[in-house]
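In this document, chain identifiers A, B, C, D, E and F correspond to the written order of the chains, with residue numbering beginning at 1 in each.
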Amino acid sequence: MSMLHIVNKSPFERNALASCLGHALEGDSVLLIEDAVVGAIDGSNFIEQIKTAMADKSVYVLGADLAARGMQENRVAEGIQIVDYAGFVDLAANNDKTQSWL
Amino acid sequence: MKFTILVNEGPYQHQSSDSALQFIRAALEKGHEIFRVFFYHDGVNNGTRLAVPPKDDRLIQSEWSTLAEEHGVDLVICIAAAQRRGLMDADEAKRQGLDANNIAPGFRISGLGQLIDGNIEADRTIVFGD
Amino acid sequence: MSKKFMYVNRKAPYGTVYALESLEVVLIAAAFEQDVSLAFIDDGVYQIAKGQDTKGIGMKGFSATYNALGDYDVNKFYVERESLEERGLTEDDLMPIVYEDENDDWAEKPSVKIVSRAEMAQVLSEQDVTLSF
Amino acid sequence: MKFTILVNEGPYQHQSSDSALQFIRAALEKGHEIFRVFFYHDGVNNGTRLAVPPKDDRLIQSEWSTLAEEHGVDLVICIAAAQRRGLMDADEAKRQGLDANNIAPGFRISGLGQLIDGNIEADRTIVFGD
Amino acid sequence: MSMLHIVNKSPFERNALASCLGHALEGDSVLLIEDAVVGAIDGSNFIEQIKTAMADKSVYVLGADLAARGMQENRVAEGIQIVDYAGFVDLAANNDKTQSWL
Amino acid sequence: MSKKFMYVNRKAPYGTVYALESLEVVLIAAAFEQDVSLAFIDDGVYQIAKGQDTKGIGMKGFSATYNALGDYDVNKFYVERESLEERGLTEDDLMPIVYEDENDDWAEKPSVKIVSRAEMAQVLSEQDVTLSF
């Protein structure tokens, strides 16, 4: 019974991603969209929390939102998977349920 | 698979309407069904026909109407949230004694029960907001 | 068909409309006879703080409505202990929300259950539909 | 002292309209002057006359109209932001070929220059937003 | 040339108050309104940052917003001054300028 | 009467409309011949990141407009070093925004000035009107 967690806020601006990671369970997936994509950039202050989460969860980032904010795919920390909107739909369908951390 | 989509913010101010539209188009492309899109909170402002953004920008409110027309997607605006914010259809405007209405084609105004019904009927509910 | 509905409340009341309009959804959901739970996480714990007095800000207070939810069989209020502690709050700061248990001779019981973050994560994972505003 | 007030969010969704109204009333009570209130971003939605909130709640949009009527406060809605979001007066609706308008009494639609002018003329600018 | 900094977001949810305190100068005033009032409660995780700031700045909280969120005035950390809307107006008039940290 | 105007940008672009509509105000302010500065703090540094490509999200990109501001004598872009570093960014990630200095034979000069948080605080304190969206 896996959950897709959707986060759309920058972890530098809001506590949504931190709160999400504090409640996601082993085997869950976390998708970063909209302003949350800035949390996926390697070398940022927040990336260690994401790397820790990736020990037992999958983390995804929406490529279109990355590109809009000027970030090339090679800036994304290793292990974070880049998806398009079709991939977003697949994640929503393939997990048993979803939760948006607004 | 059947999806119900909840949109909690108005157009332009937040990306939520844009993200929801992109998600819905991708889902339809993959052969999924969009059971209902429910507009709540400032999301009701997606349903106005009085918007005229700059010519070189997208017209979000029309994109919703197009979605309803081309794919028969059910676009439901919450009546309580709409009344607070001034989004009216002809019937409701008349009932309230107002001299104008501003709803766009393809949208209908109804109660919160339509959201719960959508949550029950759909396999997944996806929430877009602030 | 009955589903498990979870309403996640993570924002303080009055600064935004989300707490009020979330409550309006919960009231409707109850009428659909679904299994309804509420989670109060992060600043959401302020939604059920006792003694809310909105006269000074010119807005309608709605905290009394949480107490009425028991009459609609909405009596699972999960409140996260860590969220309270981080804010310098304790259970004593919360309204004494109760319901009458029809399976126990209508005995009055507390609706609020204080849970740890780990327990909250477990509760969240057991739902069918999670709505956040 | 002369104040210009900037309101960046719509009514109800955020407390900013309520806070701005409270600030303005307190300032007027103290004998200060409100040179202008400028509505930008979703703030333009404060200016609709089609809102009908529950009877036991405040009607924010009317409170603004009352302020204009009783104290002559200049309420200016940004035209560019209004066009994106569907807030129209009769002239602008006509110019855009729309069949309805929704502006409330006491508000006027104008350009961003009115904000800058307000910032220059006032002793202090106070911003209310999200 | 003192500045009135206005913060309206909870420091637990957003970085606005932290960013404000990182940029306010000696002699400035910081006013907490709307959801930001929860930052004034004694015993919270954020209160040490505010106490540090009070070494050379003044911190105020809007009483009406505190009451709305169920907090009695005695819950406010020592040194933070409680004002009403008239006091808010005075702060805006008596400082040379204002900045809202949205 | 000329005042010193500061536009404080603390939010990433596209997730909200603030960056775009803030830019629209700056363009108008320039026409009023005021002294205009821009501050990029926190996620605001992403507003002037180079290589912004909005095709995939279906929104109009507006980053080129920052480069046009030099023609309107808007050439003071203060960017906070700590904000860049916290996000894993460097000055190389920013657009090379320039202006032509009329007092120096129209020599092309950079509009962007990277400053420390302490310097930013000082710059913010020197303004007459500070607008944030």
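The criterion applied here is as follows: a contact is a pair of C-beta atoms (placed from the backbone, for glycine too) under 8 Å apart; a residue touches a chain by one contact, two chains touch by 3 or more.
Being a predicted model, the structure only gives us computed values, none of them experimental.
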{"item": "Proportion of interface numbers common to chain B and chain D (over half same, under half different)", "value": "same"}
{"item": "Contact-richer chain pair (by C-beta pairs counted) among A-E and C-D", "value": "C-D"}
{"item": "Chain whose Cα centroid lies at the greatest distance from that of chain D", "value": "A"}
{"item": "Per Cα centroids, the chain farthest from chain E", "value": "B"}
{"item": "Centre-to-centre distance between chain D and chain A (centres being mean Cα positions), rounded to whole Å", "value": "38"}
{"item": "Computed distance of Cα centres, chain F from chain A, in Å", "value": "28"}
{"item": "Inter-centroid spacing, chain E versus chain D (mean Cα positions, whole Å)", "value": "26"}
{"item": "Touching two or more other chains - residue numbers and ranges from chain F", "value": "10, 14-17, 42, 57, 59, 129, 132-133"}
{"item": "Touching two or more other chains - residues of chain E", "value": "8, 12-13, 15, 34-35, 64, 84, 97-98, 100, 102"}
{"item": "Junction residues of chain D - those touching two or more other chains", "value": "8, 12-13, 15, 19, 22, 41, 57, 80, 125, 127, 129"}
{"item": "Chains that touch, pairwise", "value": "A-B, A-C, A-E, A-F, B-C, B-D, B-F, C-D, C-E, D-E, D-F, E-F"}
{"item": "Contact set on chain F toward chain E in their complex", "value": "8, 10, 41-42, 117, 120-122, 124-125, 127-130, 132-133"}
{"item": "Residue ranges of chain C touching chain E (in the complex, touch as defined)", "value": "10-16, 42-43, 46, 49-57, 59, 61, 63, 86-89, 93"}
{"item": "Residue ranges of chain E touching chain C (in the complex, touch as defined)", "value": "8-10, 12-13, 34-35, 38, 41-45, 47, 63-65, 67-72, 75, 84"}
{"item": "Touch list for chain F against partner chain D, complex", "value": "1, 3, 5, 17-18, 21, 24-25, 28-29, 31-32, 34, 129, 131-133"}
{"item": "Interface residues, chain A side, partner chain C - complex", "value": "1, 3, 15-16, 19, 22-25, 28, 97-102"}
